[in-house]
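Just below sit the structures, each encoded as structure tokens.
First chain A sits with chain B, and in the next complex the same chain sits with chain C.
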Partner chain A sequence: MSSAAQKMFAASPRLRAALWIYAISFYVILYAPLLMIVVLSFNNSPIVGFPLHGFTIRWYQKVFATSEFLSAMVNSFAVGALAAVVSTGLALLLGLGFRRTFPLKSALFNLVLMPIVMPGIVGGIVLLLFFGYLNIRPSLYTTVLIAHINWVLPFAFLTLYPRVHNFDSTLEEAAMDLGARPLEVFIHIVFPIIRPAFIATMLFSFSLSFDEFVRTLFVTGYDRTIPVMFWSKIVDQLAPELPAMAVVIILISATMSLLGALVSQRASVRSQYVSGE
Partner chain B sequence: MTSVVAQTRDALPSGRRARRRIRWSLVALLGPAVVWLGIFVIVPLGFTVAMSFWKSTIFGTSPDFQFGNYREALASPLYLNLLLKTLRIGIVTTLISLALSYPVAYFLSMLKGKEKAALLLLLFMPFWTSYVVRTFIWLPILGRTGALNEFLMAVGLISEPLPWLIYNEGAIYLGLVYVYTLFMTLPIYLSIEKIDPRLIEAATDLGARPGWVFLRVILPLSWPGVIAGSLMVFLLAVSAYVTPQLLGGVSGIMFSNMIAAQFLNNNNWAMGAALSVVLSVVVLAILLVVGRWAGIQQVFTDGRTR
Partner chain C sequence: MGRKSSKPTSIERRKFLALSGAVAASAMMEFGIDRPASAAGESIVGIMPGVVLPKGAREIVEGTTGVKVENAPYVSPTDTVAKLLAPGGTSRYDLMISVTEFVKGPVLGQKAGDEKVRPFDMAKIPNATDLQPVFKQQVQVRAGKTLMIPIFYGFDSPLFRTDLVSEQDARTQTWGLLFDDKYAGKTALRDDAYQSIVVTALTLGHPNPATMSIGDLAEVKKFLISKKKNFRTLWTQFGEAVNLMSSGEVIAMYGWMPMRAALQRNGVKVTNAWPKEGVLLWNQAAFIPKDSPHAEASEKVVNAMLSSEFGVALAKESNYGPVTQKAIAAFSTDEQKKLGLDVTTRGAKLYSMQWPSDMNAWIEAWGAFKAA
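Moving on, here comes the complex of A and B:
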């Protein structure tokens, strides 16, 4: 039951200890900057940085009193929710289609993954040029939403496809043999089983969209999303409430992804149970 | 009786009808995504390629077919040097990330049970948050009044702030590795996990020392993860926009920043389109060459973000 690495290290405790020390320092370096920003967010000083001047929560109060921040939050939640629903829906249909064989299947697979491979800035620029030429002004629910769905769809597909693919098809065949139509089979058999994976994919999709920046920056109209608003605040001037804002943003996306991971854990337990892997 | 017969006939249609139904349901399943990708990915991309041959003047961008943008992009040392610098940063970032990630991936796969689950989750958490925010947090650490300078002065190692901690290529490496290293750690971890432990037993039983087992068994078998992770980190690093902009300083720009400048400062859309095509083609070419060599589809199904 033990992995290859476990086997190796049962034999050499000194190497094991060395790896532990290395890993601990890796995690410390990973988390130190995040802790630092939490500390700075409570620093009672109008300048972002050190030295520390005592404890205050006024930067948090300021963040939640800033209308720019609040409207960006609404925009990001709206776009994130729409992008999650559309891309997870498209990914589910694609996943069901990919269980069969059809001509140009691997070409379509590559096409779906293309937005991951394309340099981020190009993903935004192509939409800027295209919609600019069509004289469609960049806005939240046109260009930004499209850019987000383009970006999220391949990840939604990669997350959902294995779940749909590993699905035990004898369950479907049994239902078909008993006279159920394909749509009935989907509604009563397939969907209930993959529902946790579906929900997990939506949560991941939301958090990908919530954090998206470089594809969004060049197609943003009047309404900004959270990362774009945050960016403009860094570039304009290093506003003192930025650390507090950073902490709030981190907490939101981490919570969403954590929820996704929990649901997905349940989904994988259930799919193992169903597919008998 | 007749209704049962009718139902059976309905449920088991003749061969041709069944085939047609299957074909139509396939169209219904694949159609929406294909239409979406066609309209919002393929067409805009094709349009960008077309526009890269156009000409931008102060009066706007006009559709006359010419190679001027590409001649400038490939002949002018400005663009070519920047492209080479960007590729170099991509390679160095990938190598640093590989060196730092491999031991962590190995470490994670030697753990068991709750310990393993907890440390994996701890590894994921930071990468689930915005990379703009995670790049920004280096400003108050590396800057003149930043944490690092304050610390070094408090300890007495330096008497005034070091200005060179930020706004140079080193800061770009730090930022990129910090933001993207999970994309290296994860595929390597997954590939080490897949190695059959009996191979280690066999090698050990036959008298191989641990170092030898690592070099001859574990390292070669984790190679697909190394390739997948390297490709992901390289792709992300050469496309970097945020990190060089925030941490690289005035001379620290990369190719994506140059593309952005065509739209933000120069108002030269045709040139911006051409530079976008150049970067995409270079990235795609590298991906195809390395991908063919390593099995591209596996790279993507194994290298996915979770």
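Moving on, here comes the complex of A and C:
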């Protein structure tokens, strides 16, 4: 805040009150639904909703005893991890490639980002048709994994590319002057410096994959990921453990996103340190 | 070069490798978790509502046939047809079950030879001879070949809270209950163009809404818009609808068979009306995509689904109706009444779902109502 703005803020109680009201309203609108889900997850009632009928943790016990949920959790973790590794690896290669100048670079850049701007349902239909032409039956480690990589890769590229693009090339040149081959330069110079950003991108990619629903719905078979399993439960039945399940899913997603943000912040600090800022 | 100590880097590397190992182990574990039996037997890929194969019913089907049913998520009849008609759809799936009236058009095509499904070998489906007469009429046959067989049925009717709406109220004998100003702000329709327009048209006296003219449809739309303020909401999901009734936010709504059962199980005083215009009766039929590589296995599964054991399990777990006579007969008269299994025998007026003459116009009308 500028010093003039700070003075105005300090001088005006009404302005301060208005900003407090705005801030509180903002956070209430943002987080009240989440808080409500948390409260309902402990509600001792077979009906999902108010009024409250006492405190219980049995819905959490039921969630962790439900093999369908555990199976979907394993599926989501497995697909998420694989999608994160593959997408981040591909994003790194793309990032390294885009450091150079080549024909149609701008067009290719936009092409890489296309899945972001494509509505999820269109993406799902496109993938359904694609796999249909190739006669690939829906399954977790073929159609679903490819769909997740397709969705996550542009985000991974957007996250990693600035780090790679801004990498100080004089370090690489110095290493090559001392006789290092390109692969050695990458392994011993480039990758150690961008590693925190790489890990942060992987965590972020995992989070995106974990939450992916629309495209997955079109290309999945019998094996469910968490979002698809959760949606099926809402559609098919009144399951009182749904709020508890939702809380667990939110915690996992939030934790991975937070870890990614922390590692990314560390990567920024490291990048500044290396560049001498 | 200014690199910091290697210790944090080594720890990060070890942690990363450990995480990768755990993920790989999890991926391998996944194949062993929650897999029903018949690992050494056949499996088919199906698309059908999840309610068709609740746990007990699935065990019956897979146990008697040795075929594992790998059902992909079911979204809607439209989605089912889209997946069948998409490139590779007729070979990618082995069995589909969806609302007969909604899918038979695109599934069967306009004339012989246009079918996207293969005929059943009825010699392998002996249980089909036990179909209730009303559902035998729903078996889709073309040129002497059976292409679609009903597997289960349901009916939609007005549900209402008996502690908040008197059963003696004459309004409970008509779909008009949902539009009546007496209950303004306390009723709900389903957010579905077809079903909501049908019941509105029935309320207005159209005997066969599916054949309404565009002028009649406009009249229905106008009426809906005039009553829009009476609706508390338009529900979209099962859980949402049940929650509305159980909390009392809504005291009468367009409802499904299992919703009544779910509410009653949880102690909510609710019943369904038997409107004079007729409850909406529908059934879902099984069909085998024409290029399925596992057609014989699919026929075994269909035959098992027409067994009385499956029908009883389905009625008890999903609260939908079995289509076979032996399954119905397994329930006492009181049980049939309680579960709504007497819908075809209690003399109630029935309106069987039919595809409207101009579905696009219906969707447009519904959109206009929602936007009004």
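In this text, the second predicted complex is superposed on the first by the 257 of 277 C-alpha atoms of A that agree within 3 Å, B and C clash if a C-alpha of one lies under 4 Å from a C-alpha of the other, contacts with A are read in each partner's own complex, and residues count from 1 in each chain.
Note that contacts are C-beta pairs under 8 Å (C-beta built on N, C-alpha and C of every residue); 3 or more make two chains touch, one makes a residue touch a chain.
Since we're looking at a predicted model, the values are computed, not measured.
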Combined model on chain A where chain B meets chain C, clash or fit: clash
Once chain A of both complexes is superposed, is A:Gly49 in touch with chain B (first), chain C (second), both, or neither? both
By the touch definition at the top of the document, which applies to A:Arg224: first (chain B), second (chain C), both, or neither? second
Between chain B and chain C, whom does A:Phe102 touch in the aligned arrangement: first, second, both, or neither? first
Pick one for A:Ala78: touches chain B only (first), chain C only (second), both, or neither. second
Looking at A:Leu70 after the superposition, I want to know if it touches chain B, chain C, both of them or none. Which is it: first, second, both, neither? second
Examine A:Leu160 and indicate which partner it touches, taking first as chain B and second as chain C; both and neither are also allowed. neither
Which partner chains sit in contact with A:Ile37 here, chain B, chain C, both or neither? Use first/second/both/neither. first
More chain A residues touched by chain B or by chain C? B
Which superposed partner A:Pro138 touches (first chain B, second chain C, both, neither): second
Let me test your reading of the model: by the given contact rule, A:Pro192 touches which partner, first (chain B), second (chain C), both or neither? second
Identified clashing stretch of chain C versus chain B [76-84, 202-210 or 274-282]: 76-84
Residues on chain A in contact with chain B in one complex and with chain C in the other? 47-51, 125, 128-129, 132-133, 231, 234, 238, 242
Please give the residue numbers of chain C that touch chain A in the complex, ascending. 1-4, 9, 12, 16, 19-20, 23, 26-27, 29-30, 33-34, 45, 49-51, 70-73, 75, 82-83, 86-89, 91-92, 237-239, 242-243, 246-247, 262, 266, 268
The answer for chain A against chain B in the complex is residues 2-9, 11-12, 15-16, 19-20, 22-23, 26-27, 30-31, 33-34, 36-37, 40, 47-51, 89-91, 93-94, 96-97, 100, 102, 106, 108-109, 111-122, 125-130, 132-133, 146, 149-150, 153, 155, 158-159, 162, 176, 179, 182, 204, 207, 210-211, 213-214, 218, 226-227, 230-231, 234, 238, 242-243, 246, 249-250, 253-254, 256-258, 261, 264
Quick one: which bits of chain B touch chain A in the complex? Just the residue numbers, please. 7, 11, 21-22, 25-26, 28-30, 32-34, 36-37, 40-45, 47-48, 51, 100, 103-104, 106-110, 112, 119, 121-126, 128-134, 136-141, 143, 145-147, 150, 178, 192-193, 195-197, 199-201, 204, 210, 213-214, 217-218, 235, 238-239, 241-242, 246, 256, 259-260, 263, 269, 272-273, 276, 279-280, 283-284, 287, 297, 300-301, 304-306
In the complex, chain A touches chain C at residues 46-51, 67-68, 70-71, 74-75, 77-78, 81-82, 85, 125, 128-129, 131-138, 140-141, 171, 189, 192, 195, 199, 217, 220-224, 228, 231-232, 234-239, 242, 273-274, 276
